[in-house]
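First subunit A sits with subunit B, and in the next complex the same chain sits with subunit C.
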Partner chain A sequence: MFKAIVSASTLRDALDAVSVLVDECKIRLNEDGLAIRAVDPANVGMVDLALDVAAFESYEADGGVIGVNLARLEDIAGMANSGDLVHLELDEETRKLHIRIDGLSYTLALIDPDSIRQEPDIPDLDLPAEIVVEGNQLDRGITAADMVSDHIRLRVDEASETFHIEAEGDTDDVDLEVGREDLIDLQAGPADSLFSLDYLKDMNKAIPGDAEVTVELGEEFPVKLHYEFAEGMGNVTFMLAPRIQSD
Partner chain B sequence: MRLDEFIEIEQNERAERRRLAEEKSYAVVDHLDSFRERFEETVQGDSTFGSVSPSIFVGRSNYPNVSAGILSPVGNEERAGKFATSGAWYDEGVDLPEVFRRRTSLLNSSRAAPVNVHDTWDGFVGVGREVAIADRPVQVEIGLADDPKLDFDVDDVTTPTGPRATARSAALDENPHVPRPVKKTLEDDDWRAEGAINYLYRRGFDVYDVNTILSAGALGRSEARRLVPTRWSITAVDDTVGRYLRGRVRDNPGVDAVQVYRNEFVGNAYWVVLAPGNWEFELVEMKAPGSVWNPDPEAGTWLASDYEGYEGRTGYVDETAGAYHAARLAVLEHLDDVGRQASCLVLRHVSDDYWGPVGVWQVREAVRHAFDGDRGEAETFEDAVRGVAEHLPVATTALRRKSTMVAGRQSSLTDFS
Partner chain C sequence: MTDWTETYRPSTLSAIRGNDKARDALREWAETWDDHREAVVVYGSPGVGKTSAAHALASDEGWETVELNASDQRTADVIERYAGRAAKNATLAGAANETGGRQLVIVDEADNIHGNYDRGGSSAITRLVKEADQPIVLIANDYYDMSRGLRNACQEIEFRDVAARSIVPVLRDICRRENVEFDEEALQAIAEANSGDLRSAVNDLQAAAEEDRRLTTDDVLDGDRDRSLGVFPFLDAVLKEESPEEALQSAYRVDETPDDLTKWVAENAPKVCEGEELARAYEFLANADRWLGRVRATQEYGYWRYATDNLAAGVAAARDDTKGGWTRFSRPQFWPSSDGTADEVVRRVAESAGTSMATARRELLPYLAAMTHHCKPRELTVAMAAYYDFEEDHVSFVTGSGETTNKVQSIVEDAQTLREEAMEDHSGAFGGIPAGESADGADGAEATADVETDDEATAADEATAADELAAAANGGDDADDADDGDDGQAGLTDFM
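== the complex of A and B ==
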């Protein structure tokens, strides 16, 4: 059983965070809200998303799992104005999701959840550095890095207590230095890892500019990017495996 | 498949390379002279002559009105098969002068033709298509409208082409032998080109045969059957078969250890480093100041590279063009053979000895045969790169800046759980 009403903008923010990594996913319809966890086919990038029951206008669910084609669902959600409410209802008999937006109804065929890639276990990482930065700052560093290279270095300078977003290209270099005064918070620690810009750019697309992003970082370790949406009632954790220089 | 995905080089750049090749080998001019002698012996009186055609050539200028050409080794008919580019050239050990000798002996009799040919099986274009789908050289009779222009042309993807003449007519002097799988793809006009290309490859046709058949507009859905310029068809087939093989190898386990293979062919040295991990691929090219390829010899060795991750590329192959797809195909064939996947770096050093571009077949064959030889093993990918770098004309720091994989190889989340 699943029946819910949610604002179009909240639904879109949630779907965007997942669709940057995968084309289809399982959605867990838990009693306390929706949960999505997905990993890209290369096992490089992962998303873990929760949307609390409080983010919905109304919500009833009993723990089922559905499989959805994200592009389709995003297209439908795209038909709504941001203030519109989206009505979702699962038809258990036909295994279809009925979606209603201001007089428009759409019946979405679901995907057998067993045919979707298994949800990953979240690696249990104890990362030594934690940086809390505004989405806009991150975006600035990623945009600049993209001008010179296809990979990006995230690093903490423990002595000067600064966070660095760096890129080394064929000929040109980029270094965005963000000091403690421009960070929301910083727990300095040994942290220096290289990442694929393709992945990080995609993740960055989903992160709102005004979000507070918690970046957990280590040395040649995956990075965790955590932020909230839907006025704190939704939260997303991205995890991205590094490009490594030593085996 | 979108053919215009494959990048073009500027016309004047091509002219410059041709000039350089000419400068490096006066022999090319001699070859053209000896072609003239053979041509004059063969074509007497009128301008119709009988020959044996092993292949065709479709130009790309003025697309969609292209020049469709039937190639024939005038005066060398008994060895016609040797004049078509194939993997056998590597086995024969042909060198650069021999490639130019063969190709400057091959007359390209061509006519302008619209590419839309799906039901054209008669006339000049029809004869060319029959030649392309046959699995052996075909006896033809060609009527020329003018004297051959004794010239040659080079390109970074196709094999060089030789003298050209405008054709009036062409006729078959025998019934060409068309292999059964080719007949099958020809008859099925609801089969997309990608599927038909891979079908022929799986049935044992090498990419050389498949790209000639594709070029003749003999694959794909009927309304989409068009003449495909030779340059585009080479890259399209390497890319299509490569994507098919990539889909297969990505389910294989990774290689056990870091392996290094090396090969050298026509002035090009290749190193292939395979490391445990998921599929990723990069070709890094280092072009010596004196090779015809270096656009800025003053600045020293020219570096170019292109990379793809596990899921392949979405953008154009900007810097290494057809060589990228040819090298990737060769590596994927090896991985498919041994039932593995790997993180693969191919380094190509183009030396001063590579005075004339002979086409990407040399990249494909050199990398294919790199796996025949002994292999080295290294503890780590970085050790392997350090070892190889000692033989390279560039510093490791420059290599790290240019190469995505040398800067860092993609790990997977499962490595950390």
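== the complex of A and C ==
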């Protein structure tokens, strides 16, 4: 049983965060809210999203799992104006999701959740450095890095307590240094890892500019990016494996 | 119903049967990967365990896998997005533990990446292999179907066909685990019938034994697998050996459409039959063709059966007796051979005549060819070559004279001179107008040409003299042409 009403913008923000990594995903309809966890086909990036009951106008669910085609669902959500409310209701018998937006109703065929890629177990990582930064700063660094290279280095300088976003191209280099005064918070530690810009660019697209992004970083370890959306009622964690540094 | 080939897919390399050497080589490759960092091509016939070996290897080494299948579209973009990303990044789960986030990229059917459907896929794979930071296994049936660049960038391991004696123990083991009673002979028969192909042996076993959990020799004989028939044995069957009914059955087993089969039979019938027989055979082929025409017109593919009836049973019935011996069957000409020179000639003619290429080919080219046959008269040929800017091969194509002959070469040289003169003469007043175009008017009637050139010339007084010269030159050429060409000249102007 699943029946919910949610604002279109909240739904869109949630879907955007997931669709940067996968085309289809499993949505867990827990009693205390929606949860999505998905790993991209190359096993490199993961998204973990939770949308609390409080983010919904109304919400009833009893713990089922549905599989959806994200592109379709995004298209439908795109039909709504941002103030509109989206009504979602699961028809258990036909396994279809009925979606109503201001007189428009859409019946979405669901995907068998078993046919969707199983997410691997992700070990708990204890990452030494934690940086809290505005989405805009991150966006600036990523955009600049993209001009010169296809990978990006995230680094914390423990001595000067600065966060660096660097990229080395064939001919040109970029380095964005963010000092403590421009960071919301910094917990310095040994942290220096290289990542694919392909992924970070996509993830960055989903991160709102005014969001506070918590970056957890280690040395040649995956990075974790947390941020909240839907006025704090939803939160997203991206996790990205480092690039292999070939000598 | 679960597929036994999946259920009993080996989960570790040591369970791979029948290819011990290749198996060890694969393990060796994986264990030394850190040193050489090269991809490996695993190739061999279908069903010998290549894909199983790759997955088993990954599980032995504790690596994760990313697989790119032939069922996915494999354009450069897709390969870059999935395999490319996987090959350059550590894995999430592995990044934190001792495997260092290694994962095996498996590209199945790597020899089957097709130019068009998988646009750019082939070069993307080569790039992937060269730049990867993760081990890659490319799986192929035919090693030499892969590009040389790709082969050179990889190590290679061949998986040989699995011998019947290696297949039998596998089947026996499955029978025991599935609680199937079996005759040893039946297992032997299955293994023999699928010589080399372990996977289809397991499939046959499942087909024969799953229902009643018993396997007897009778089951095996029933479960004879359909094998497709080559087109050459089929031709032998239809044109020489088999009765109409047998020939029809054979036709069903050939992996070609009735369209192609009709062409094959039509091409080769005269090599075997003659006289009355051949006439009857062609009558049936004509019937088959008629049905194919109906298929095309109505899109009712059900009619294909009547085409097949005619081309196989009909042609077989046309024979008086069976025939022996060996015949060198030849491949039918499926499409009219496209000729680059002809196309280029037609294109140039069509362009300057302002007609479609089809019209130029059908209605203009024959006249040109007749008028300049074997480069006679020469002046007309030169004029034609100059007008259309033909090169040696084009002139030779139109006139039927040899391309390398002095005659053709001198014609092209003269034509070139003629063009240059015309060009120079015109360049004064007609700046942007090519010689051919301005000659248009002049060709039809000198008078018109004069008027035209004069009109143009008023814009640039000082060029008048040049114009007149040009007009005169044009006119002069045409006069020559007219003298030589007689009726031909009239024809030529028609399409200019």
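Here is the rule we use: the second predicted complex is superposed on the first by the 245 of 247 C-alpha atoms of A that agree within 3 Å, B and C clash if a C-alpha of one lies under 4 Å from a C-alpha of the other, contacts with A are read in each partner's own complex, and residues count from 1 in each chain.
Keep in mind that, in the parts below, a contact is a pair of C-beta atoms (placed from the backbone, for glycine too) under 8 Å apart; a residue touches a chain by one contact, two chains touch by 3 or more.
Everything numeric here is computed off the predicted structure, so don't read it as measured data.
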- Return fit or clash for subunit B versus subunit C, each positioned on subunit A through the superposition. clash
- After superposition on the shared chain, which partner residues are touched by A:Val44: those of subunit B (first), subunit C (second), both, or neither? both
- For A:Met239, select first, second, both or neither according to whether it touches subunit B, subunit C, the two together, or no partner. both
- Query: In the superposed arrangement, does A:Leu125 touch subunit B (first), subunit C (second), both or neither?
  - Reply: both
- Does the superposition put A:Pro222 against subunit B (first), subunit C (second), both, or neither? both
- Message: Contacts for A:Ser196 in the overlay, against subunit B (first) and subunit C (second): which applies, first, second, both or neither?
- Response: both
- Which holds for A:Ser82: it touches subunit B only (first), subunit C only (second), both, or neither? neither
- Once the structures are superposed on A, label A:Ser105 by its partner contacts, choosing first (subunit B), second (subunit C), both or neither. neither
- Task: Please work out whether A:Gly169 is in contact with subunit B alone, subunit C alone, both, or neither, and reply first, second, both or neither.
- Result: first
- Task: Could you look at A:Ser115 and tell me whether it touches subunit B, subunit C, both or neither (first, second, both, neither)?
- Result: neither
- Steric overlap of subunit B with subunit C in the superposed model, located at which of 163-171, 217-225 or 289-297: 163-171
- Item | Shared contact residues on subunit A - subunit B and subunit C | 39-46, 120-123, 125, 196, 198, 221-222, 239, 241-244, 246
- Note on the structure: The subunit A residues in contact with subunit B across the complex are 39-46, 120-125, 150-151, 168-171, 194, 196, 198, 221-222, 239, 241-247
- subunit A residues within the subunit C interface of the complex: 39-46, 120-123, 125, 195-196, 198-199, 220-222, 239-244, 246
- Footprint of subunit A on subunit B - complex, ascending: 275, 278, 303, 307, 309-311, 379-382, 400-402, 404, 407-417
- Contacting residues of subunit C [partner subunit A, same complex]: 37, 64, 66, 81-83, 85-86, 88-97, 101, 103, 133-134
